[in-house]
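Chain lettering (A, B, C, D, E and F) follows the sequence in which the chains are written, and residue indices restart at 1 in each chain.
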């Protein structure tokens, strides 16, 4: 088994606000990230895929397939967007980086098998760098 | 003369839109940066100061003074903000990184002499990394 | 379970010298790191915490709590210090990066439960970059 | 157990071409990496070693021993070389980064015990950054 | 005047060999870079353009125009190529990074005015990172 | 004229203390850098050399010559050293990064002509990254 990790980037704006909490609690919980006008980040995503190497080609997967999946299901929906206003899943749920990681994994899983019909690679990990200092990942098996 | 460069960061959201241009022209000019809901970036700013070294202390300036000036005049106004909605100068002017560099330099110049009353360092350059691939700078003398 | 990693930095000086070994053996074992006058590094520490995400807030932990714990128990004791002369644990034990990693984990563990009384995040990993080329980590569970 | 990771670099050229496939299939499979004249990369390799820390020296292994092993068995054979033309294992097998990782691990394993006769560190992981965006690793135990 | 810098990457292989020098002199001059089978690098190019900002759009140039010029005249000719075998200018001239910088500037200059017919930006600097440690630049005015 | 920049690293410890100032003034001036036990950094130095390219070899200088000069005159004296205790020039002068830059330039200038007897490259700039956020440079001509 070989683990292949590929890195993507997107830029987006968001506001952290929990619908069930009051104004003061939101301010206390999220600090300046609760600013009602929003702010933004340049996110880096790493997607890690484990699989057997094809002896003939020397490759685990065709990276173009993963790129297309990420482009169609994740990047086109998130890049240069306002996450709260333009991504339906974040209209009621705060777009914390934890929730972003969960949502990206969910979107990849939903289309994983149809993207890789012949080989059976495993989506091992989704990792997001919110900034260089704040990194979130989900690594349980699918 | 020694040149000291200090690096700062801020995260903000913005939308590029020129008030004097129509919908189609804006879309054509700014592409996905014209998205009405905005998007965001993690900006890196480098401020470069030229000055004589004080022989006794071995320093050009006290870096804390520059940090305070940047914090009070630039970072507190830009960090975790929506530039179009919360920075008066960008309500009518598109917050391109070119304009951001000009505005940062203008703010530093306005308070430069009172920040450094005894020594006379020169603000040589303001450089902004919008992303790692897009870098803007103004380096004329003050 | 989501894994959150947060990055910290500190600058310190140290000298590598094993009390039980003679002059020649120390020189042979640690090379230029055995220089009696010491030398220094800018260390980067990554602390990784695994936990359940709070559905309401979308967060695993409050990062400020981890920051305060690191500041009070680790950074205030190590940053801009001479590790051999100013950190009691390294007066008899050589401050190799392996020992630094163990000491940081020990300090975090000692105050972990009182720092996070309500949630039960797990300190999954302490990783130190001595330089970009030398990286040490402890990742067993607490 | 402590995990030590050390980073190495080498520059090489290669051409991706599978001997059992035809011209069209190779072009379709490897794209511009199939260019018959070859192209090149600056590879970064991370070798991760797990082991007990020696209480007296505070070290897991002597890093010089790992450096020598890597230099003699891997870097001297790969650095500033044409992988297809100068590394026997890649004359028939395409030098994809997956195969590079396997070959590096194989070479380290073949000389591991004689390099570390007294301590018994474990070669936990070989990771290669083909570029910053494409990362491959093998992490099974030896 | 604002200076805009944009960063590009390409991967290529090359061999350093001076046609007018003998075997021994080439070996002595270029060391392992003289290996007849070639080797490769991932080059980073920074192109810096100085110009007046358009007050209405807040931009110095349209970055897409520079991208297209670089793609058509430089990247398509150099990326994933063997510079000695596939770039006519380097068949007789050694593809050192110095010569690469000169050739890139020459290609940009040849098409500069037709690329920017209305505005008159100045190509201020071409800089190439051969590796992170070796950087070459030409910064005279065109 | 082509500008070649080469990057070097060294790790050292130091203490900032001005001999002519009292205890309180030193503490106030240098903050935690005045800690009597010292602390340390991993410095990055960039040396920039301007010169004519040799048409035959395609090179401005032989980089090995610059490497040897830096190794013999700068790195061997500074790397893994305590700057205050082991570098004579910093026994009375505070080893601020400003003074480090001046001292490095002075050492390079003293041996410049004998290092490059045939070509006449110009030492254009010495730049030191104390950390990623604090950068000092001297760029006047020699």
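Please note the rule applied: a residue touches a chain if its C-beta (ideal position, glycine included) is under 8 Å from a C-beta of that chain, and two chains touch if they have at least 3 such contacts.
Computed from a predicted structure; not experimentally measured.
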item: Those chains which touch chain E and also touch chain D; value: none
item: Centroid-based (C-alpha) most distant chain relative to chain E; value: C
item: Centroid comparison with chain F (C-alpha atoms), farthest chain; value: A
item: Intercentroid distance (Cα basis), chain E paired with chain B, Å; value: 29
item: Rounded Å distance, chain C centre to chain E centre (Cα mean); value: 43
item: Distance from the mean Cα position of chain E to that of chain A, given in whole angstrom; value: 35
item: Per-residue multi-chain contacts in chain B, two or more chains; value: none
item: Chains grouped in pairs wherever the two touch, ordered by label; value: A-B, A-C, A-D, B-E, B-F, C-D, C-F, D-E, E-F
item: Of chain B, residues touching chain F in the complex; value: 1-7, 46, 53, 56-60, 62-63
item: Touching residues on chain F, where the partner in the complex is chain C; value: 11-14, 32-33, 35, 37-42, 79-82, 85-86, 131
item: Residues of chain A touching chain C in the complex; value: 16, 18, 20-21, 29, 93-96, 98-99, 101-102, 132-140
